[in-house]
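Heads up, there are several structures right after this.
In the two assemblies presented below, chain A is common to both, partnered first by chain B and then by chain C.
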Partner chain A sequence: MTRPLLRSPRKNPILRTRLPTLPPSARSRVALGLTAAAARGRFELQVCRDCGTVQYPPREACRACLSARLDWRAQDGTGELVSETTLRHSHELFFRERMPWRLGLVKLDSGPLIVAHLHGDCAAPPSRVRVRAHLDRAGQAALVALPDKDTPHMADDRELRELTCDPKFRKVLVTDAKTPLGRVLVEALVAAGADLVWAGEAEPWKRPPGYERIKALPQVAIVPLDVTNSRAVKELAGEIGGRIDILINTADHHRNFGIAARDGVETARAEMDVNYFGLLRLAQEFAPALRARGADGQSSAVAWVNVLSVFALSNFPPHGTYSASQAAALSLSQCLRAELAPAGVRVVNVFPGPIDDEWSQTLPPPKIAPVRLAADIVAALRGGAEDVYPGDVAEDWLNRWRDNPKALERELAAMPQP
Partner chain B sequence: MSDTVLSRLIAELAGGRIRVVDLTQTLSPDFPQIVLPPEMGQAWPFRIEEASRYDARGPGWYWNNFSCSEHTGTHFDAPIHWISGRHLPDNATDTIAADKFVAPACVLDCSRQAAADADFLLTVDFLRQWERRHGRIAPGSWVLMRTDWSKRTDPVAYQNIDETGQHTPGPNTDAVRFLVEERGVLGFGSEAIGTDAGQAFHLKPPYPCHYYMHGSGRFGLQCLTNLDLLPPVGAVLIAAPLKIKEGSGSPLRVLALVPQTAPASAAPRAARKAIKRSSVRKRRK
Partner chain C sequence: MTRARAAYDDVVVAAPVTVPYVRYSIRGAHWFLAAALADLFKRAGLAKDKLDGLCVSSFTLAPDSAVGLTQHLGLTLRWLDHIPMGGACGVVALRRAARAVQSGDADIVACIAGDTNHTHSFRLNLATFSQFARDAVYPYGSGGANASFAFLTAYYMRTYGATPEDFGKICVAQRANALQFPHALMKKPLTLDDYLNARLIADPLRLYDCVMPCAGAEAFLVLRRAAAEKLGLPYARILGTIERHNAFPDDPVQYRGGWALDRDELYAQAQIEPKDIDVLAAYDDYPVITLMQIEDLGFCNKGEGPDFVRRESFTAEGSFPLNTSGGQLSVGQAGAAGGFLGLVEIIRQITGKPLGAAVDDARLGLASGFGMINYDRGLCSGAAILAGQHT
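So, the complex of A and B:
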């Protein structure tokens, strides 16, 4: 039974903050297939199109028939733990600092025998387990065996917590708490056990409905933050940057215009100023402190979440300039991900379809409700993914884009202008 | 230097018998900007980005690039700003005659009324009563509405917005027409974010101060401060907007020359104290 996590005692200020180290991260290009799936929260293995063999580790050819026709297919991960061991020595700094470490051999029902990190609640072998692919602190796929049924407090397991970004007992900055998403996300983080949620507030003279409610929560501190104001971003980073464990950028400027429907560049510029330059300003001021705290104890800095849009993948012409700003933000987030990687801080990009808010009012349903999106963001932090496509529309667009980007471009161009 | 008007002015300034009062709010990213419905084009707030600060980007110097609207902070409204003034000659910041930028000011103290009612509207009655005490408003004067609104240093209180919009004082339609048509004023100035009242959209016509002032070639000044340091009459304003080509307005530094022997409320001691205060006043960081 997992011992529930306790709030860690205050940090001893005379001790040096431990620097982040990473688990081994070198992978072959083929093996990155596992990472690509784990990045979306999926466990996929190569399956031979000719003989049906499921194989692990990933290889260039089928281990049974040498065919090169291998497809990555989703696995349910069920299997049997056949043996376990507890590591008490390692030459890898990352594991050396986290001894003892439990590992197991799992015979998957689909065939392969794999090595996995072993959750503390997995019964001694032989026992049934579920294998999941999580991104580890190095951003590479790592396989973890969980007990076949959920157990109390299982998210608090020490090894699992090294593979997740659970907000429990962590301090979170939500950059814009006034958006429909921001308001409910703050509440969801509090419900998920966050120690403290800083709720960023721009233009304090505007009070959207429902906003007063979050101000009343004891875990919430309202902080002045307008991502278009470089000085305000710098000032806030100076004040609280060194305490933030998770930063969630909800700042968003969304108008629904293509090129022809709006004269001038003012709207597009405002979108870029918030969605692209806002992210850049935040990254320049807040990322350095996060980088320094990637291994700062039980509640270390772990994640940076960007709430983007599925329009970042392919331009949605009725919201054309907004799509362009999202594409810019997506590109920048990849730079941020590369720069935060050495610290083990995960950059999670969330790509919702249209949100059920005022700026997507005229789009037909289905639209994702802010409260559902907030729940998906919290779930993503508790999981092991870095690219999240919440809701049916986002999932559908992603699949169409992965299948044939040009086809999606044509389909979006043919959609009626609202 | 021979004895001329200007040499005497310089001597008066040097001797402290004429003081320079700054009526300008600090241009800061935290100063609120006008709020319009979000689907409309917006006025940029003041923003500033460091170009270098004695560092790798410029080893020996510090400088910034800034951006803002023509209507950010303490600013000047030119007639071309409003649809009613769009066809007038010399109606933009680059074509207004420069001699218009130095003019006497009449200061109407509405601070008590504005404190009691954020939606206070200045009336013709109020103007006539003021004239009975301080004399007729001279043609070519600025008329400044003192409300002490600038003392609301919390941006939330300054904006004073609720579900029905903004609540700030301003003139009613008749008062504006009286000032334009019967007194021939140069323009109207206010401490709030607009020359018109916060609820002026509901007046007839909407935004009467903008409509009639600019429609007859007059100007506006808004987001003024330190109007409580000015005498009802006797001060001279220096208010020159940036020479923006076809500019509809511009942030500017508004200075008042105030004689220390000014009549009525501005006693020298109070004014000295206040002038000192004006130089250190600072909006919320």
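So, the complex of A and C:
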């Protein structure tokens, strides 16, 4: 059974800092379908539309009937571990630094044979396992075989922890802890075992409900952070940037209305200043230190989380300028993702639908509760995904958008202006 | 019912050549292939312009293929082939060349295989070995063939009760053979204790289960008997050959290879039985695959490999002479030349010209090939039965 992770002792400054290296990231284009699904936390394989044969490794034509009509379909991943090995030698630096490394050969119940990372709690073959798809440190899909049933401390497995961004024993910055989400997220991170949570506060005079409670937590340190103030961002990065393992950007400026209902650009400018330029300022000041610490021990820098909005996918005219700022932030986050990729630091984008807060008062339910959103963010860090659509509305928008983006644009345009 | 395979009539193989192996080289693959070809011409007393066919195997020739080699080496040919089948390339080259000579498409075909080995070339080859390897194997620990054969070995041990001592016995015997073979890179004796106490590489594989990548080349000529006699070359006749690709795709773990499908035709074509074979060259990048060939080529039944190993002895003087040059495990794996090593050794043994340990009165030899771990298993298998000229 997995032994529970222990807090790392204080780092010995004499010893080397392990530098970031990546597992091999080259893939054929067709194999990126596996990555596309894993990015949303799903394990999908190609299934032949004509004969139903499940395929793996990814291919261009069905191995049974040669049909080219292969659709990516969700898999339950159940199967039998038929052989295993423990590597003590590797040709790549990433694995050399992490030996020994357990691998399994799994015969899925759906047919294909899979080479997978093998969780330490899986019994010797033959045994039942579940295969899941996670993103690895290179940002590519990696299949991992887990024991048939959950085991205590299974998230602490050494190999699995290399595929997740678990907040346990990590230090986290929440950029704005005074939003309804920020407050409960700080609590959720502490509950998830974070070593330290820096709670950013832009406006010290505000005293939102529940704020005193998080201030009182021993793992929480309040830090001044106004993402519209370049100097403030730089100063905080200079102070704590080199210690942050996970940065969660919750800063958000959200106002209603589209174009015609407003006069001037001040509101839109304020939205951009927080939602887009705020992210840019944070990225410029905090990303370099995260990049340097991408492999720094068991509690390395691992993730950058952007809490965006599902409005980033397609403009929601009743919140038109806000949607535009979210689209800008989404685009910038893709740039940040590319720049953090060489360090193995994952950029996780969270796309909630309307949050049950003051700026979405006039939107009809269902709306996602901040506490549920916080739980989904922690779950995403413990999982292997990079794009998270929490709640029913976000999932619904995503499905409509994936199915037909133009149809979604028309549906959103038809919604009444408040 | 498949038509019976036509005999090879008076097509023969001759002039076995080895370009000495080195662990690393600063030369390119072309250098090793050129050296092999030059040695072929020298040994055969053959003028360069008399060669009209060439068959090439190499992993490190890129961006060239056999075509580029014709200009690089100044050859004008009327028959050319390139066989990217790794450990099966020797048998397959022999098959292709023999039919070309038999049909008159070529008179003399040089079959050459060789590779260089730079300090980084093995890793680069692994990373891009195949689409499936790049997409679905190499990102998982990047262990290369060690990982794939560890799966096979663990499964074989669990299923058939093979022990580390069984594999060790084969490795130790091959090392004893290698100590007499001048081109073997491994020069130190190996004991069973050395084998068992060596460090684990990929459980259950230990250090001496794994071949050492190196640079080198192997070659032979395929021609008509009359041509060989005119050149004064000792030669071997081709009694039977088989090849198979992607056999038994539904086996969850590879425990048998294509030989099991085709061996009856092999022996029928050669009109002999397994017990008639005097010397076996099995493809041996890992000992488990040697056991699989012993079973699948009919020397014992499936699953009886471990008992067979315990019963027989495998040095050149032993009850079952196996990989008498030392095999890849002790000579080294010079890329595609590893697919030729066994065949070249069989030609030497049955023409009475071994470079090292000799098998007494060897008349019939079997060379077996196995290659290309494309994803989870080796896809290519082949075998050839050769007979000495006086058999």
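What we mean here is this: the second predicted complex is superposed on the first by the 418 of 418 C-alpha atoms of A that agree within 3 Å, B and C clash if a C-alpha of one lies under 4 Å from a C-alpha of the other, contacts with A are read in each partner's own complex, and residues count from 1 in each chain.
The criterion applied here is as follows: a contact is a pair of C-beta atoms (placed from the backbone, for glycine too) under 8 Å apart; a residue touches a chain by one contact, two chains touch by 3 or more.
Just so you know, these numbers come straight off a predicted model, no measurement behind them.
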Practice task
Look at where chain B and chain C land on chain A after superposing the complexes, then choose clash or fit.
Solution key: fit
Practice task
Check whether A:297 is in contact with chain B, with chain C, with both or with neither, and answer first, second, both or neither.
Solution key: neither
Practice task
Determine, for the superposed model, which of the two partners chain B and chain C contacts more residues of chain A.
Solution key: C
Exercise for the section: Scan A:210 for contacts with chain B and chain C and give back first, second, both or neither. Expected result: neither
Handout entry: First, second, both or neither for A:365, with chain B first and chain C second
Key = neither
Practice task
With the two complexes superposed on chain A, say which partner A:136 touches: chain B (first), chain C (second), both, or neither.
Solution key: second
Handout entry: Partner chain in contact with A:255 - chain B first, chain C second, else both or neither
Key = first
Problem - Partner chain(s) touched by A:85 [first = chain B, second = chain C, both, neither] - result: second
Exercise for the section: Considering only the touch criterion stated at the top, classify A:231 as touching first (chain B), second (chain C), both, or neither. Expected result: first
Problem - Three-chain overlay, closest Cα atoms of chain B and chain C, distance in Å - result: 39
Problem - Doubly contacted chain A residues - partners chain C and chain B - result: none
Fill in the blank from the handout: chain C residues touching chain A in their complex are 122-123, 126-128, 131-132, 134-144, 146-147, 150-152, 154-155, 158, 199-205, 252-253, 375-376
Fill in the blank from the handout: Per the touch rule, the chain A residues reaching chain B in their complex are 203-207, 226, 228-232, 255, 264, 266-267, 270
Handout entry: Touch list for chain A against partner chain C, complex
Key = 23-28, 31, 56-58, 82-92, 94-95, 101, 103, 105, 107, 113-117, 125, 136, 138, 140, 142-143
Practice task
Going by the contact rule at the top, pick out the chain B residues touching chain A in the complex.
Solution key: 29-30, 32, 35, 39, 41-42, 45, 47-50, 155-156, 158-161
